[in-house]
Amino acid sequence: MSTNRELRLGMIGGGPGAFIGAVHRLAAEMDRAFELTAGAFSSDADKSAETGQELGLDPKRVYSNWEVMLEKEASLPQETRIHAVSIVTPNHLHHPPAIAAMRAGFHVICDKPMTTSSELALEMESVANETGKIFALTHNYTGYPMVREACELVQGGAIGTVRKAYAEYLQGWLTDPLETTGQKQAEWRTDPSRSGPGGALGDIGTHAFNLLEHVIGKPVTRLAGRVETFVEGRELDDDAMVLVEMENGATGSIFCSQVCAGRENGLRLRIYGTEGGIEWDQEHPNDLLVHRKESPSEVRRTGNAYLSPASQKLGRIPSGHPEGYLEGFANLYRGFAAAIQREDITSGDFPTAADGVRGVRFIEAVLQSASENGKWVRF
Amino acid sequence: MSTNRELRLGMIGGGPGAFIGAVHRLAAEMDRAFELTAGAFSSDADKSAETGQELGLDPKRVYSNWEVMLEKEASLPQETRIHAVSIVTPNHLHHPPAIAAMRAGFHVICDKPMTTSSELALEMESVANETGKIFALTHNYTGYPMVREACELVQGGAIGTVRKAYAEYLQGWLTDPLETTGQKQAEWRTDPSRSGPGGALGDIGTHAFNLLEHVIGKPVTRLAGRVETFVEGRELDDDAMVLVEMENGATGSIFCSQVCAGRENGLRLRIYGTEGGIEWDQEHPNDLLVHRKESPSEVRRTGNAYLSPASQKLGRIPSGHPEGYLEGFANLYRGFAAAIQREDITSGDFPTAADGVRGVRFIEAVLQSASENGKWVRF
Amino acid sequence: MSTNRELRLGMIGGGPGAFIGAVHRLAAEMDRAFELTAGAFSSDADKSAETGQELGLDPKRVYSNWEVMLEKEASLPQETRIHAVSIVTPNHLHHPPAIAAMRAGFHVICDKPMTTSSELALEMESVANETGKIFALTHNYTGYPMVREACELVQGGAIGTVRKAYAEYLQGWLTDPLETTGQKQAEWRTDPSRSGPGGALGDIGTHAFNLLEHVIGKPVTRLAGRVETFVEGRELDDDAMVLVEMENGATGSIFCSQVCAGRENGLRLRIYGTEGGIEWDQEHPNDLLVHRKESPSEVRRTGNAYLSPASQKLGRIPSGHPEGYLEGFANLYRGFAAAIQREDITSGDFPTAADGVRGVRFIEAVLQSASENGKWVRF
Amino acid sequence: MSTNRELRLGMIGGGPGAFIGAVHRLAAEMDRAFELTAGAFSSDADKSAETGQELGLDPKRVYSNWEVMLEKEASLPQETRIHAVSIVTPNHLHHPPAIAAMRAGFHVICDKPMTTSSELALEMESVANETGKIFALTHNYTGYPMVREACELVQGGAIGTVRKAYAEYLQGWLTDPLETTGQKQAEWRTDPSRSGPGGALGDIGTHAFNLLEHVIGKPVTRLAGRVETFVEGRELDDDAMVLVEMENGATGSIFCSQVCAGRENGLRLRIYGTEGGIEWDQEHPNDLLVHRKESPSEVRRTGNAYLSPASQKLGRIPSGHPEGYLEGFANLYRGFAAAIQREDITSGDFPTAADGVRGVRFIEAVLQSASENGKWVRF
């Protein structure tokens, strides 16, 4: 076996300039869940090869397009070939490789929105059912521990019968026509041929919508909407406001915008019922505010023993360290790795032995001062 | 080659029940920086083997103790043997393997505090210098993008000459004598034979101290301290208050406590100078508050183009997504991997094709309503 | 002259159990703007007299109904009679006394919403114009310094051309049928004969609406709305969602609800334009968040010299003391007054001489310790 | 009787340019607790008269110095003369008038710190005891509802036995030598002849100290301190750091600074015990964070029914309106009064009839749209 991880992953998309491909790779390899083993990173064979090389993949497993990848990987012996593919192409290129991959025997994890029309989406669902392959969609916000906690609380009745649900996802990065400057992310997201009919609606509105249904555990049954394109010349919506009705008479809203200048990633969910409410804000994702009628509001935080088991299971770090901690830690390892590769001890990207000495002296100096009634000591 | 990553890592410590070992492994493998290839995870050979197996390591690279690991790994051919070791044992067991590893030709990344006395620390520093091996210490908070931004601002003069610096690290998890209940983390951290002379002081006080010096870029020169043990029977301090003087007449404080009931991980740094100040709170690590005399305060956030290049380099996710995002994403991959291994499509740990269909329908329904003047449509 | 304040105020409404009447009285007398001199506090003569007595008014100036008050006051000599009336009755009783008061020569300050139909409202406006009397409506949120700052910024072009405006006012106090328990505030607010046709819409939706237009300085031109009554048996809406269009193509929303269990007084305004945005939240009213494209966000705070003159004019307290400070201060005066009236020195409602001694000793003890190199001193 | 309020107040100090005098006047007259009736506002007779005139006082009750005021007022008939004096002079001028006023039969409310030495303070306390007059000291932060709530919780045992108490009061307004620019507030606060021996220590350190003892209900028994003067040429401290011991072995700190550039009024109190903790921040005074071991943290907010009766008694506004609300309201009354005095209807400082009409139309338009299935209506 060429790797010590049990599951091997192939990636479709995620070549130079891609954003979400890199995120998928980091996420896939965290927890040793997967080893990225193969890839068709771009429809341009050179770019695909370039990305494969950067990632240190075996060049034989880096393919010039996804059709070749699926064919070749399927022909490899079972103990070598990939188990699953990750699809991180623009929206219009989710459907063909997803269908083909499942038919070729691979599980699929696919970026959202699933595809560009509900006909195609239903076909993808059918193929998943028919082939028995697992199809996962990366509505990543459902993976936050405090979103899981919200599910447990709301669906467990902690806030009573739901009456109101407000979801919103406000960004500002498309306030100007960024797509005309050559910025790749902006280009495909505002291009109906690659994104499908929804602009902000597809890119972030679907997140807000999914989150709302996911936490409540009940479907939206009726809606009324309005979409806007504020930036002149843009072909897709950059703003939408939707009012919704849900089962049991609850009502609410789903708002999304990419022209709220200054907002970064304002995904917020607020749900109120007959007994209380919950509020979650993705910009401070480790806090869940829980309202209860006639009692003080509570702040629930990731990683605490009072959380539901389902939520605790999603945390990697006990004792209340915030998620995000891992990346800080990983930055030191990244600096350390770079220093090793450069054979350069003094990079400044991580604390060194000198810092360590200083820390130990600090302990000693404090204990000395403390033992002499708080005397000031040179250090 | 048995892996497609360029650097191979061996771990010392991090067996069953360890907390920081798992964090190091996640951090090391993020960004494909390292591949965990070998380990002596416990001084108990069975436990070491058990951990190695859980991690999917080649059993031949899992050793019964670190002495054996260093000897065996050093004898492997260069293209196979590990490049570096990660030391995640209790404090008193940092020094021996670190010295031995460097002498055996391995780079070392070591948990903090470096060791239990400054004599030993200085020896470690000497061996690092003498062998030319890289020694990195995981004061992980220096790896946060907004801490880096704070360094750039403070050392770049944005707040003028520093006058005041307040660092604190307040936790509550040792409010009760948790060490008497068999909790491993509490046990060794309150045991002077394993932690050295500092309790809270060594465990978290050194973080606050390191952060303060790291951001200001100048040393503490004199201090006066007081340590307390609030929990009866505990052998080490669980609280300390230290006043400090720095170069140029700045003064400040370093407080740490593990008996502030209800505080999780309250690492906070506040620095004020002649022109402004900065405030950072590890519980909301993506915000950096910047005060300026006579202007409104600013909130700087991870991932924005207005940040210093040094800070931007540390972010993995453009466009203002919060760090923490990765773990949420990884949770979906984890669920997907588990489903593949169980061959169970319906795990509930990730969105499926049905969710995808629903999202696409949402886009279509909104566009339909919008095109009919906001009419309510069934959905 | 019977008082040393220049303007005398008469109040209509505000008897036992009223909430907003007391607020008007406190507000009117702050800054010595007015002296409450007369009142028809209830349509029940006994209750009116009772309230007048509690307030220490001259019994001759306390009337059994507002008609009598207007007649009698109008007949008093100019140097004695009231200058203005404050109308704090339920909504359906704003129109008659307002009209009558202006016709009788008095200025009027009236609670919102103005009245129960736009016909009546227009008549009130006409009478104000015709009589030349001043008519003020207490959309009190326009009186906050940071709302004024928001006006200055938005109308001064600081955020460019406005595109999006989201206003919301979410409360939870009517989650249950409180009006059936005898709670007076809930009773009249849910009674169409006293509130008019709008429930939450009239009570708080008009605040959100007014705030939005007030800050932008341009009118809403078209809207689409939906109202709900969640609590069974309630006769008026307790929830509304409104989408709006404004001049120049800006769009947005006005949401109000009184069934968001756990929300207290969630009045929030967020406006985004081509160059930036502003966000204000009445629960933390001294902060104004200002977003700017490509720069860090700013937090503007009440009372700072960098604010616009219009905003500074509204603050009473220099140097950044939060509004709210006054009430804390007033509590000590209230306690002091109560102690005087009871001739009881030891009330515990204010710091005494013993506290003062202790504070002075604190200064001395610190200076003593500091002068002896930080020595601990008994105290 | 010349006023309808029961208690008459005379003020000593608070002339042109004073800050705290205006605050005392607003606070004293709120709730109709007192009527400001007399004053010796400055040692300069012309300035005293000028302030009296601005305030609309009877010129006969405005005096050229406090000695005259006390003498003359004492000779007035009981139904006319003042009941109490408010002393708002610089610190060194608290003692003489306080002593004299109590001996002359008047109750006293006095700004903090009480005076400039503990000898003088003790004398003031003795005179209060001897004369039976009430002496109140305006440590105004004890008047906040959530500080009262904190007292109830801490002293009622909700957080167990107190172990740690951190109080701090950080400001930045004296970062530069403001006292050399003619700014009156800075001048006397940095002048030892007027402030006494403590600078920041007396001005704000005593607030932090008082708050800490007030909430815990137990005295500091030992302390060790350090004071600093960062601004060259300043004669008093502008920064202090104090470590404290309290009864029962609790320890903590009291920090104050006026050179933390960018900090406005950072008074913060944090107390931790064996069962939980509380945190209060004067910049968001209506929130009290309550930690409990093993449960989510709570946010208690002013004005809710779950608060202790002692805390509820201090709020003026039911249903969760934030304190600060009153000032916003009062701004409208102030604008209304100004308009009356100018006979100018169109001031822009308050909403008018036109705004009222608009609000009523808003209700009607929404109801119309709602009744037609959310149709967009012109407005």
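Here the chain labels run A, B, C and D in written order, and each chain numbers its own residues starting at 1.
As a convention for this text, a residue touches a chain if its C-beta (ideal position, glycine included) is under 8 Å from a C-beta of that chain, and two chains touch if they have at least 3 such contacts.
Source: prediction; values computed, not measured.
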Which chain lies the greatest distance away from subunit B when centres are computed from Cα atoms alone?
C
If you tally contacting C-beta pairs, which pair wins, B-C or C-D?
C-D
Chain centres from averaged Cα atoms put subunit B and subunit D apart, in whole Å, by 43
CA centre of subunit B versus CA centre of subunit C: separation in Å?
48
Once you find the CA centre of subunit C and the CA centre of subunit D, what distance in Å lies between them?
21
Interface hub residues of subunit A, defined as touching at least two other chains:
224, 226, 243, 290, 297, 301, 304, 374-376
Can you list the residues on subunit C that touch subunit B in the complex?
224, 243, 289-290, 294-301, 304-306, 374
The answer for subunit A against subunit C in the complex is residues 159-160, 163-164, 166, 170, 172, 175-176, 224, 226, 228, 230, 239, 241, 243, 249, 251-253, 255, 257, 259-263, 270, 272-277, 290-293, 297, 373-376
